[in-house]
C-alpha cells in the first residue's frame, strides 16, 4: 500500500504535517536488537530544521516508542514510534484551503481524493520524513549487527554548482562539520552564500545529494523487481521534491562504450573478488558486488517561495500566491539524513530477504 | 517478492534466458476486457531483436495464453501467458560457467545464491522483458477502456548525442519509422552510424529513452511510496542495464530556482485546471496533474562486447573474456517498447488503485 | 506480515498488553467517509471487560485519532488510532517472567523470539483486540455506504450448552440486552450461572460465537485464497483462544449427502436469484450468494485460572502456578464485538477488492 | 491477491479446469535445494482421480518445470511448474453455460465477475489443487532440510461415521494401503461401502480429514495474523468444498474448563520442555510448541450429483439439473494429499519467516 515501504522489514507511516504527530510502525524487525535511542535522536536532530539557513519552524522531535521494545531490546513484535507535532500551527494554513499552490500537491491530492488536508500539505509535507529517519536509524543499527556498513550522504551540488568529494574517503564528521552538509569546504561556502541569496530573493534552490554505503558485502539484493537499484530509486523518489536518480555513474555511464564502462573484476589481497573500478556504483544486475554502493538523488527547489506566483483558486479563478510560512529556501542539507535513512531501509530489507533465502552451500 | 511487480494489477514473471521459456501471470486483472491479441504480438515484435543493427538471435515470441481468457474476454481469473524460448542454445554458454563476465550479474548472482544459471545470464538476461512487454500490452488495453492514454517512447540520446524531439507531438508511427526508434531523422541517421561503428569495433554503446504518456487524467497515483514517480523509477530501474531516471526536467530542474521551476496552474478553455508549463513531467506530489507524463531512463552500454576484457575465473584466477555470442551492440531501440510496457503497468496499477478507493464526492 | 490483516483495506496493529497502549493504522481507507466516532466508542465499550462476570481490569479505552481524518471525514490517507493502556500494571506480572504458564504463549513466544514480554502476555494478550474492534467499527461504517449490511454475533454455546437462536431474526438489541450476550433468555440465564460457577471454582469455560451478516450482496469475495470463507477463518482464528471455525452448517454439513446439503437456487419475488435454503452460510465457492453469511467460531476456556496448575520454570524445573491476576473466567461475551469486527474487516476488504476489479458488464 | 498464498514462500496458481493446463510459480524458494521430482510425481499421483470409487476422469498430471532449476537444484529464482490438462473435454460442459448448478460457484462467479468459464467450474474446480499439491511436494522437501517433519493426513470421518486412528502412530503407508485412505481398516471398509452406495444412488457424501505433522520444532509461526492456526485455516478453507476447521481438540475443547483443557508443560528426558498432553494440537498462541501439530478439516459432499435437482437458468427460469459428468461421489480420499500440501506450504512459510527474523540469542 501507499504508506508502506519494504517487504521483509516493512515500515508503515502515518500522520499529517499539522495533525497531532507522525508515526511509524516497523513490522518484521528481528528480536534481540539492543536499540541505541540516542542514535535515533541524533538522526532526527540532523533532519530537523534549524540554523539561519533553514525553516524557522521548530520541531523538537521528541519521540515515544509505543511497542516492540522491552528493557532496550526489540521483542520481534512491531516496533511503533510516535513523534508528536509540537509546533503545528494549523491556523496558519487556513487561507490555503481555497487555492492550489503552484508546484505543490494541493491540486493533485484533491484530484485523487476529492478532499485534502490544507494544513501545510498534510501527508505531502516533508514532515512525514521524520518517521522514515527514525526507522532508518533503527535499520542502521540492525545492519551493523551483520556487517560494518557505513552510510554517508552529502550535498553534492546546489543550483548547478558541483562540489568535489571523494566517496571513498568522505566521512560523516566532515559532512556534519558543514552548515550545508557539504564536505568540500570551498563548495560549502559557495552553497551557503547561494542559499542566503535565494532566501533574500524570496526564492528557493534545488540540488543533488550523493550517497556512499561502504562495507556492504557482495550478494545483497534480489533480481528484477528486487534489485537494490530499483528499491533505492523507489525509496528516494518517494521523497518530497525528488525528481531524479542515478546509480553509480548514472547518465554519465550512458555516454560511454561498454569497454569504457565495464568494471573489471580482480582478485584482492585477501583472495576475494572485487571490481577494479566502481563505475557501476557497487551493483551488477541489481545485486551488490562488494564495492561501495554509490548513487545520487536530485531534488528540485522547494515549491513554496515568498515571491508572488500566479495560480488558481478552487473555482479556477486566477489568484496570486506568496508563501509566507516557515519554509526552507533549500531542503538539501536536511535531505542528507533522509536519503541516508532510505538507503538504510533498503539495505536492511535486502539483509532480511537474504536471511530468508540464504545462498546455497557450494557443493 | 522479487519477481512480482505492481500491487493491484500484479505481474509475476519466471523463466531463464535459455530455459524452456518465459512466463508471466497477471493477478488482479478486471473481468470483461476484450483482448486484442494482435497488439500483444505487435509489442513483442517491436521488442524482438532484428535487423542489421541488432542481435542475430532470432526470437519468434509466439505466445500462448494459458488461463484467464474465454472467447477473447478476460475472466477476472489470473491471466497467464507463456512465451517458449525457440532459439535457446544453452550449449553456447557452457564456457561461461567457469568465469565471471565483467559488468554482468554472474559474480553477484553467485554471491547472492551460491549457485547460478550460466546460460546467457539466466534470469538476469533481457529475455525476461518479453514477459513484461506482453503484460504491458494488456495493461495498455485496459488503460484505454478508462481514458485515451497514449504512451510513446523513443531513443532520446545515444552515446551522448541528443535527439531533438517534441514530446507533445511525437507519434508512435514516427518512432517506428526509424530503424533506431528515433523520430528525429537526422539524429536517427547519426545513431545508426554510431551503432554500426560500435558493432564493428566489437564494442557497445548506451543512451537514453524518453517517454511521454498523454491523456492520463489528473489524480492518478498515490502519496508517498505509491507515487507515480517512485513506481516508474522502480519499474524502469528493474530493467537490465538501466542506471538512471529523471521525472520531468529531472536533473535540469535541480539547477533552477523555485520561481523558474514551478508550473503555474491556469484554467483551460473547458473550465478545467491545468499546468501552464510542464517542467514537472505531469506530476505534483507524485500524483498526475493532467499534463502529459514525461520521464527519461538511462541505459548503460551492454556489458557483453567482442573486445577482450580482463576478468577472473571462479577461483579468482585472471582470465580474458571476449563475448562471442549473439549480442546487441546497443539495446536502446529494443528498450523503447520495454519502457512503454513498464509505464503501462504502473499506470494501470494506479488506475486500479484509484478504483479501489475512489475520490470522495465533494460535499 | 504477521501484524497486518487485509489486502486492500489493510490494518496493522501494534502494542503490548501492558505497554503504553495499543494502536492500529488503516491503509487503503477510501476518502470522504463521514466517521461516527460514537460508534467506535460503542464497540470499544462492548469489548471492554466489565460487570460481575468479567475481569476486574478497568479499560477505559478512550481513543485518539492520530491521522487521516479532517473535520470528521476520512482523507484517504492512513487512519491511525491509538488507545492508551490506562490501567496497565506491569509490576503485577513480574513473577511470570520466570515461568511458562500452561496454555499460554509464554513458552512458544520465547521459542520463536528468544525473548518475550512477560507483562500480561505482551502481544499475545486479548488487549490487542481493542485495535481490531476500533478498526472494525470504521469498516462497518464503510460497508453501510455500499449496502445495508447488518452484522450480529452472539454467544451460541457455553461449556457445551447450546442456545436456540434464529439467525434470520436475531437483533443486536436482543444480544446486548443479555449480560452474557445470548439472545435466548433461558440459555442466557444458564450461561450466567455457569460462568459464576466457573469463577467461584477458580476455573474458566469456553464456548462458541455465532455470527450472521445480513444484507451482503451476491458476488463479494474472490476465488481460491481470497474466498470469504478462508479470510473469515484466518481472521477469526487469529484471535486469542480461538480453536475452531465452521462456515454455514460446518461439520454438520459433512455428515449429509449432496442432495441433502445443496441449496437449491430459486427466483425471488423481485426477479432476483436466491438460494431457497442457507445450509452453506451465504457462500458458494467462497463468494457470497446473497443469503445471510453465517459462521461459528469456537473459543477454548481462558488459560489463566486460579486453580493451581503444574508447569515448569524457565530452567525446566517443576513449579505450580495459580493465576491471581484480573482475569475473565469466560471471554465469550466480550468476544461478540471482536468477532463482529473481524467479519466487518473481511467484508470491507471484499468490497474494496470488488471495486478494484468490478464485474464485467454483460455484453 | 486472490491467487497467491504465503508470504515468504509464496505460490501463485493459474489455470482453468478445462483450459490448457494448471500452473504454479513459487517465489521465495531458497537456492540449492536438490529436488526429488519423483516425490512431486508421487503426490500428484495420490491426488489423481482413479479407482472404482473415484471420478473416471483420467488426469495423467505429467508436469514440466519451466524455470528455477538447474541440474536438479533450485536456483533461488522463481520455480514454475506447468501441468497440462490432458483429458479436458470442454464440450462436455456447454449445456452448463445456461444454468446455475446448485451448490456450485456458477451463480456467485457470475455475480462477482459478470462473466464465467462454464467448462467444469473453471477456476472453482478442484483441478486447481494439482498445482498446490506439486508446490506442497517441493515445500516438504525444503522442510526436511531443516527438521524431520513428517506430515500424515487421513480420512477421519465419512458421512458422520468416525474412524479410530492414533495420530501419534499413524503412518503414511497405513493411509495409502487403504483405498479410501483410512488407516482404521474396519472404518475403511465401511467407508468404501458408503461411497459405493452414494455413487449407486447418484448422490455424494462428505467427511473429515485429520492431519498430524510430527517433528515440527517449537517456535514456528508468528503472532496474531501470522498464527499457524490462522494460516492453516486460511489454506484449508480455500479448498473447494471445505467448510470447517478445528485446531487440536477444536469444538470439543470449547466444552471443557480451563483446568481440563490446558496442556501442562513438563521437562522431557533430554532437558527440553514439552507439553504433557496435546489437546491444543501443537500450538500455543498460534506458535508451535514442539508437540505434533494436529488439525481437522471438514468437507461437504460434492455438489454435482446424478440425482435431479431443482435450480434456475440464467434468466431465473426454473430448470432441473442432473450431473452427468465424470464426478467423484466423495472427494475425501483425494483430499488427503491436498490437505497435506496446504500444511507443508504453511509450515515452509513459517520456516522461511523464522529464518528472516531468527530468535535472539539469550543474553
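Letters A, B, C and D name the chains as they come in the text, with residue numbers starting at 1 for each one.
Convention: contacts are C-beta pairs under 8 Å (C-beta built on N, C-alpha and C of every residue); 3 or more make two chains touch, one makes a residue touch a chain.
Here the structure is a predicted model, which means the values were calculated and not measured.
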Chains in contact with chain A and also with chain B, listed by label, are C, D
The chain pair with the larger count of contacting C-beta pairs, comparing B-D against B-C, is B-D
So the chain most remote from chain A by C-alpha centre is D
Rounded to the nearest Å, the gap between Cα centres of chain B and chain C is 45
Per the C-alpha centroid definition, the whole-Å distance linking chain B and chain D comes out as 39
Touching at least 2 other chains, the residues of chain C are 1-4, 13, 28, 31-32, 73, 76-77, 112-115, 123, 223, 353, 359-361
Chain B contacts chain D in the complex at 1-4, 10, 12-16, 19-21, 23, 25, 27-28, 31-32, 64, 66-68, 70, 73, 75-80, 82, 112-117, 122-123
Per the touch rule, the chain C residues reaching chain D in their complex are 1-5, 7, 13, 100, 102-115, 121, 123-124, 128, 157, 159-160, 198, 201, 203-208, 217-227, 229-231, 233-235, 237-238, 240, 242-251, 253-267, 271-273, 280, 283-290, 298-305, 307, 309-312, 316-318, 353-354, 359-362
Residue set of chain D touching chain A in the complex reads 8, 28-33, 73-74, 76-77, 223, 352-353, 355-361, 363
